[in-house]
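Before anything else, here's the structure in question.
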Amino acid sequence: MNQDLFHIAGKAYHSRLLVGTGKYKDLEETRQAIEASGAEIVTVAIRRTNIGQNKNEPNLLEVISPEKYTILPNTAGCYTAEDAVRTCRLARELLDGHDLVKLEVLGDQKTLYPDVPETLKACAELIKDGFKVMAYTSDDPITAKKLEDMGCVAVMPLAAPIGSGLGVCNPYNIKLILENASVPILVDAGVGTASDAAIAMELGCDGVLMNTAIAAAKHPVLMASAMKKAIEAGREAFLAGRMPRKLYASASSPLDGTFF
Amino acid sequence: MNQDLFHIAGKAYHSRLLVGTGKYKDLEETRQAIEASGAEIVTVAIRRTNIGQNKNEPNLLEVISPEKYTILPNTAGCYTAEDAVRTCRLARELLDGHDLVKLEVLGDQKTLYPDVPETLKACAELIKDGFKVMAYTSDDPITAKKLEDMGCVAVMPLAAPIGSGLGVCNPYNIKLILENASVPILVDAGVGTASDAAIAMELGCDGVLMNTAIAAAKHPVLMASAMKKAIEAGREAFLAGRMPRKLYASASSPLDGTFF
Amino acid sequence: MNQDLFHIAGKAYHSRLLVGTGKYKDLEETRQAIEASGAEIVTVAIRRTNIGQNKNEPNLLEVISPEKYTILPNTAGCYTAEDAVRTCRLARELLDGHDLVKLEVLGDQKTLYPDVPETLKACAELIKDGFKVMAYTSDDPITAKKLEDMGCVAVMPLAAPIGSGLGVCNPYNIKLILENASVPILVDAGVGTASDAAIAMELGCDGVLMNTAIAAAKHPVLMASAMKKAIEAGREAFLAGRMPRKLYASASSPLDGTFF
Amino acid sequence: MNQDLFHIAGKAYHSRLLVGTGKYKDLEETRQAIEASGAEIVTVAIRRTNIGQNKNEPNLLEVISPEKYTILPNTAGCYTAEDAVRTCRLARELLDGHDLVKLEVLGDQKTLYPDVPETLKACAELIKDGFKVMAYTSDDPITAKKLEDMGCVAVMPLAAPIGSGLGVCNPYNIKLILENASVPILVDAGVGTASDAAIAMELGCDGVLMNTAIAAAKHPVLMASAMKKAIEAGREAFLAGRMPRKLYASASSPLDGTFF
């Protein structure tokens, strides 16, 4: 498995688990959980997290060092293309020209479901402005393909609404997205527990990004370790090629979908 | 996690993954897969595997050393209580008085589904005869409780039929079994891929036994590694306490079953 | 569909929905719900329902007339073979020699899950004594076959525990039972709403028996009507032969089980 | 149930099943299946069906009379807003000013998944031009709300890709759409068998539109009858208010989502 590297925007990573930094008790728990997760890419909500905007408060980058981690600024809390673009530009300034961003443009405050047309609009503008965009989106395969065609460096369909913990609600759509993709596809949002992450990887996703599933577990650091292993387990199971499913071992053919 | 040991018949184990030895290409693949799985308990079908019955053929115990592994003889291929009891006695002889066995009494050759009344009968006899019985059974919670009450050292409900790879078909029954159990409950049979194993552990099972899911993968050794991680991931996720499932993050209450 | 009759113990029925009589507000609601359900076979818990045991109380048979309905006495509330056999004999006396019974022997008061060995024992005794036995059981395919081989006139696996409303928890087991059956297979217990009943029929079951799903709905009479239609819909869909499932219409082959 | 009418664009209907006219063996089978379905609204693919464009070929309207049925022209086969708008105008001409249309703008020929931005664009133009638009879309709740806010008379999320027969792949999204809707929500596309239709109605949808599930069944006329009953069953079950789901009857609380 040494050679199974994951590439985003020209850089190679060993870990396929990307994590957020929100909802932890304090910065120390954040640090411990992220370390236990083995993540190499850590996403930061620019609108909510101090990475230097406020000189007098604790700065996340003191515990999550940009030397050690790839910091992935995200636009959580943006509801229009305009806001999202402005937020990315602010992040670039704060991070000395860093141009890799995770775009999310949300549709409403209740469900946090993405707004597809605004996402497409923001994406076009950001790419024109030189950003490398990882785009959070719904699990709509046509939209996923449009984002890839526009030049996103990764497309990140949801498993389920942000913070819901429902797991991969529609594996068929993820499968459709994967069938047509030639950029990395990462499931972003909706994972609730370890098996959810494994399922996403077994479908063939390149990685998974999560936050609440770790931060809102009763024991976040232990859950971070569980997620690290689940991502690796799902990836290895995908590469290993699972046995066929049958109604029973001696059945002459694998189960087909006409069954029920 | 150092203290999270798993006890069977008075002995402590670190690994909660138990593996079989059937269906591999050769003994060398068997050895490598079992090593990659991290298993400490290895089950052997006495009727099909040479552990000394036949002096002139390769002996499994030469690659799976009883010094290193707990050898768990099983009664695969037995369709009556009588056959199963006889097979266990043969195993005890071959293994110098070793009294831990996995009992399975199957109902038919087509589905390999357990025969519950014959299992109960064999179990009673074996326990009377001094065996420590780990009993393979259906996912029927009443039968599981009867087996515990008879004195089994572990109860092993199926996830799905042997060799089917369907995963945990009825998590409700596994949950019912766990609610009432005071001996270790291990899922045995039916796991197909890594997430299936993680799901079993997240439900609260004490361990999982599998064979085909590893041996019939395209790359058994890699799948064995996936399973090792999946079991650990599921166990840690169970201990970590997952976040509640909600329709969306701001929903005021967790999803309840009236939903659909 | 005129010819699609359903036979039990030599008698033909049009309706494939069998209903219970418990948990209604009063006898008038019972009557209305049963009429709306279109059921022709109505099951009665002999231990709980007055069908003449008590001369001074309302008699169910005054609203559910044996002239109009086939009364199917059942042994709800029995936890041993002995109790169940005694209850069937009492029913036969009360109903002037009526020998069709629904046997249920439960494993505990908490889950109401069937006790398989006691069910088999009671069944043997009842058949020897001349009863025509419809046997409630778990969804274990080996036990279902044993009950058929003993001479039951119908085998009735659960969809889920009595009163749970979980629907068909393990369609694979129901499918295994149906593959091997040559007597009518009816799903009994666990249905919660109309689609659950339709799913049971689409799997190929011959009928469905339910009580709580109707009686515990907010509007039992309307739910009874829903169930009547759902059973017919599921039966017709089974006979009509559904389209294959595909990932998308232009996919060259139906979905097979290796998918996820 | 006499009062349970369904209103679209100011007109009341008894049937909540809308059907298409494609993929039948011949016009006679089309006629029989539609009659058996009980549908009052029949959708016609203007680009593929002769409703008068070609004077020398059989005209669908001779068997599906506009006196008896509400004809709902649809834009199947359109991949751009422009094409869809042009097709609707052609339909209006052919149907003497009839202004109720079903808009579908597809993303690609392989999956037939809708193109959300083109759908929104076409919708705006059609509404401006006086059409009453029923809009086929993905199950994205934000897009569904946008379509409602633009003035669609109904929003029609897919259950699954057109012609896939997979049923309601993501009931959570349908639930989110229903929570926020004040126009009729109809599931359109993806239904495969009767229980799928019942499930859509039990979720609270106002109706279901289908074509392949009936036309591609082995016996289309019988499947049409099954679908009629399934829609009514699901509607009645929704109105009747189903029992809560529990792990077993005596459980003190309904199942919540933390379960697995």
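So that you can tell them apart, the chains are marked A, B, C and D in the order they are listed, and the count of residues begins at 1 in each.
FYI, contacts are C-beta pairs under 8 Å (C-beta built on N, C-alpha and C of every residue); 3 or more make two chains touch, one makes a residue touch a chain.
Note that this is a predicted model, so its numbers are computed, not measured.
Q: Which listed pair, A-D, B-D or A-B, shares over half of the residue-numbered contact pairs seen at A-C?
A: B-D
Q: If you tally the C-beta contacts, which comes out ahead, B-C or B-D?
A: B-C
Q: Averaged over CA atoms, how far is the centre of subunit C from the centre of subunit D? Could you give it in whole Å?
A: 34
Q: Taking each chain's centre as the mean of its CA atoms, how far is subunit B from subunit C in angstrom?
A: About 34 Å, centre to centre.
Q: On a C-alpha centroid basis, what's the spacing between subunit B and subunit D, in Å?
A: 47
Q: Show the residues in subunit A shared as contacts by 2 or more other chains, in ascending order.
A: 111, 113, 161, 164-166, 172, 176, 199, 202, 242, 244-248, 255, 257
Q: For subunit A, which residues are in contact with subunit D within the complex?
A: 107-108, 111, 113-117, 120, 138, 140-143, 145-146, 160-161, 164-166, 169-170, 172-173, 176, 257
Q: Can you tell me which positions in subunit B touch subunit A when the two form their complex?
A: For this pair, the touching residues of subunit B are 1, 109-113, 161-166, 192-195, 197-199, 202, 212-213, 216-220, 222-223, 225-230, 232-237, 239-251, 255.
Q: Help me check something: in the complex, which residues belonging to subunit C touch subunit A?
A: Those in contact with subunit A are residues 171-172, 175-176, 199, 202-203, 242, 244-248, 254-260.
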